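Lettered A, B, C, D and E in written order, each chain numbered from 1.
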Amino acid sequence: MSLWEYANPVKFLGLSERILPWLWGLSAACLAIGLIWGFFFTPDDFRQGSTVKIIYLHVPAALMAINAWFMMLVASLIWIIRRHHVSALAARAAAPVGIVMTLIALFTGAIWGQPMWGTWWAWDPRLTSFLILFLFYLGYVALWEAIEDPDTAADLTSILCLVGTVFAVLSRYAVNFWNQGLHQGASLSLDKEENVADVFYQPLLFCIAGFVLLFFALVLYRTGTEIRVRRTRALMARENAVA
Amino acid sequence: MRALFFRDLALALRAGGGFGLGLAFFLIVVVLVPFSVGPASDLLARIAPGVLWLGALLACLLSLDRLLAVDWEDGALDLLATSPLPLEGVVAVKAGAHWVTTGLPLVLAAPVLGVLLNLAPGGYGVLVVSLVLGTPALSMIGAFGAALTVGIKRGGLLMSLLVLPLYVPTLIFGAEAARRGAEGLDPATPLLFLAGITLAVLALMPFAAGAVLRVNLR
Amino acid sequence: MRALFFRDLALALRAGGGFGLGLAFFLIVVVLVPFSVGPASDLLARIAPGVLWLGALLACLLSLDRLLAVDWEDGALDLLATSPLPLEGVVAVKAGAHWVTTGLPLVLAAPVLGVLLNLAPGGYGVLVVSLVLGTPALSMIGAFGAALTVGIKRGGLLMSLLVLPLYVPTLIFGAEAARRGAEGLDPATPLLFLAGITLAVLALMPFAAGAVLRVNLR
Amino acid sequence: MELNVTDLAVGRSGVPVLAGVSFTLSAGRALVLRGPNGAGKTTLLRTVAGLQEPMEGAVVGAEDQVAYAAHADGLKSALTVAENLQFWAAVFGQSGIAEALHAFDLEGLENRAAGTLSAGQKRRLGLARLVVTGRPLWILDEPTVSLDAASVALFADAVRAHLAGGGCALMATHIDLGIEADVLDVTPYRARAGAVAASDEAFL
Amino acid sequence: MELNVTDLAVGRSGVPVLAGVSFTLSAGRALVLRGPNGAGKTTLLRTVAGLQEPMEGAVVGAEDQVAYAAHADGLKSALTVAENLQFWAAVFGQSGIAEALHAFDLEGLENRAAGTLSAGQKRRLGLARLVVTGRPLWILDEPTVSLDAASVALFADAVRAHLAGGGCALMATHIDLGIEADVLDVTPYRARAGAVAASDEAFL
């Protein structure tokens, strides 16, 4: 039995219906542990005060915003190469989730920036690339919405996703060249020395895990919805053809 | 008339319509400004009110492009001309629908984008007021431009050319008011002028646009 | 291919075409900038290179709108698809014709408009070089956007939304080079990046655009 | 309801096409214009419909009475069939589209977006629009383009019903519709250069 | 030159329209598709012309052989009649448009901008394009729309000359052209739901 069997929409629905409750439960548990631990049982930072706790929303959301795009890229490739409808629909389903994650990261970042840097927004390379990513998401979703034929839309959006990825990476380098920034470097490196203090670190891991699970749950759920929409369409078409 | 208004709204909301796109264009233009002039935040703050006004104006303009052209190409305009609706009313209603689908979202989004450009904290209120007063004039003047160029293939760019000079007074007073607001000065005078221009445009422009459209249909 | 190129040129030159209109749009945007940000000449000089690049980019974008849409609507694109020309070639040639009719005039006009914005005397050469290197990429990327949105009525605005983020790297390097030129710094690095991007875009983008167009014609 | 056209001259961009056309059309009658391609039928119809000015002569009785159907149907592809019709009904101050849908056999297609119709279905929808206008004078430019034989018969029935209800119809067509109608061949009215004081003549 | 269509299923946006269509068209022959509005003629022609993918079955022998004429003519209104034809001739690597102009009686109109032609004249120009392509397989979707009787005869002559020269033609039309041709009624091939493994069927 190969993994590709789940490319069949009906099988996929069956599988996701079995997995989803677990995903919802696990993500809720992780988020609850991480957020409660992080918000109530960690000390205030000596410089940042309690604002540091925004990290528990900000960092996981930022991570997922980028990884959602990555997932869409993979799904688009699968659609282009193997033409499995489920993967195209999964890419479609992931985009709005990615947008929401991006927005959460942007808003929490802005709220954090106000006390930290004294400004809601700065044209730091990291933030700027994030804004560009947001624009790519918007374009991708708008293209899906604008095209009526679902297969055409899947083809066009997946090519847009490929081209967009290339340009998003290019933009990242261009932006780095254009301005050096204020934002934190990668603090979750394996090199312990550079990490944020352990007290903050452990609940953060729970939050990240919770966001990852939540993302998968949302994407599975939305993909199921998209599949049902297509099924309704197919049924209506069949009815019209009979009539 | 009401039917036309709601049809235009429906078309804008359906796939391929303009709702939200004008907004996205506005966002992107504002984002591109720092890329082109550099990220220095004092510089951005100084030009913020002007950039926001110019961005809103361009977004409005771009979405005007096909306000009448689509109806012309598929013959609907000929049919409307033989209908009981006066052409003046048709143009005015279409401009109204355009404002609701484009101008209004722009007004609401402007403060958020102001944050990106470090707009001075005192400037937000005046910015919104000036846009509320100014954008209806932009839609109506644009409808006149669309009526002028309706028979021309690729007329969009030509329309921009004809319309942009007409936008100058609105832009001057609007941006001036927003700038004064951001600098903490009194914006009442430019706002009054702006309101005056908009009222005059709304009262008179439909007739000019209707006349032009009638000539173009001939 | 040559026939297509010359036909596009001829169409652009005839009434209603885009030749000169892109230019005029560029002129007007540049003229509107002082109206919106205020007339202080030091401020204008500082933002001049960026404004010129942004203006050129928008003028290019606006004229791209109907690059393929016109041919789609009158059925010519279907006919071209059944002709011996490969669709990749069709898109590339059309982008080329677009550059000749829009990009090239913009490049030539930019120094003149620089005067209006008090561009620093040393900045003219670099500005022109950066535009010469950058605008072909703008046309080609835009052709990809046009191919993506060709079947969509009122696709112009959606196209802007899809294309503008793709313009970001070109804009950043181009404007950076022009800015460095104006400030008397060495613009070689961004110019090299810019040339690299343009070459890569010209080499690869026609294939993406052709593929997209084929999907849309289906 | 009576349409009087007297000594009409029509033209395109200042060039006269037809001159000296006169006819009368009264309630319950139909008039078919004939003539080879390029004779000037479309130009004449547009003038009578009020979409362009006559170069000479007068059209009396057409104002606010006309429902015009041209080569283009004025359909919005994003709206459904029913929405398209409802819109035109509302514009003309009418209500109820059921009759029109029925007359042109569009009943199964109400909820389809107009953009997904076939050429003939679109045309039927364009013609159904005439019914919902409630206008007495139908001006039709090649109405049966793309229609199959059954649809042409539907159309002929609709015209007959319209005439029976006191309306009248002026149409240009190359084929025979089987409607009892007067025929006017426009070929003899073709304008000779200089026959009309065209706007350009002022320069001669 | 032979066109082989075997067991073809065609559809619109994933919905099958016709299924199980097979025919062969050899040099010198013409095939006329018939069927009521919305039967699927346009869809079938587009598939054979390679403008859309077949849902099932195969089209053999059409590639790079097709000259397609659809509802829209692909004319540029800003270019003259001659320029329009010359462009298409150049695209298809041919030269000389005199023959095509003659065949469709466009000789007086060479220097008129295409946008100022009447509906029938435009159509004639669109059909003249077929001649300058030099392609053997003509695929024609309602070619005689807006044409008067004389022009229909010109068109029939052009098709006959094309067939005599070893070409072949596949066309959909609602009227009788007076060309000796095989007729294929597409109505019996209308796709029943589920008959074809449509892309949407995967979701059922």
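Everything that follows uses one rule, which is that a contact is a pair of C-beta atoms (placed from the backbone, for glycine too) under 8 Å apart; a residue touches a chain by one contact, two chains touch by 3 or more.
The model shown is predicted, which means the values in this text are computed figures rather than measured ones.
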Stepping chain to touching chain, what's the minimum from chain B to chain E? 2
Taking each chain's centre as the mean of its C-alpha atoms, give the chain farthest from chain E. A
If you tally the C-beta contacts for A-E and for A-B, which one comes out higher? A-E
The distance between the C-alpha centres of chain C and chain E, rounded to whole Å, is 37
Inter-chain centre distance, chain A versus chain C - centres from mean C-alpha coordinates, in Å: 32
Whole-Å distance, chain B centre to chain C centre, using C-alpha means? 24
Residue list for chain A, restricted to those that touch at least two other chains: 132, 135, 138-139, 142, 146-148, 152, 178, 240
Multi-partner residues in chain C (2 or more other chains touched) are 15-17, 73, 152-153, 155, 158, 161, 164-165, 168, 172, 218
Chain E: positions in contact with at least two other chains: 13, 71, 78
Which residues of chain A touch chain B in the complex? 110, 119-123, 128, 131-132, 135, 138-139, 142, 145-148, 178-179
Any idea which chain C residues touch chain B in the complex? 15-18, 21-22, 24-25, 28-29, 32-33, 35-38, 43, 46-47, 49-51, 53-54, 57-58, 62-63, 65-66, 70, 73, 152-158, 160-161, 164-165, 167-168, 171-172, 175, 179
For a test of understanding, state which residues of chain D touch chain B in their complex under the given definition. 49-53, 64, 66-68, 70-76, 78-79, 83, 86-88, 90-93, 129, 133
Residue ranges of chain B touching chain D (in the complex, touch as defined): 2-4, 7, 10-11, 14-17, 71, 73-85, 217-218
The answer for chain A against chain C in the complex is residues 132, 135-136, 138-139, 142-143, 146-147, 152, 155-156, 159-160, 162-164, 167-168, 170-171, 173-175, 177-178
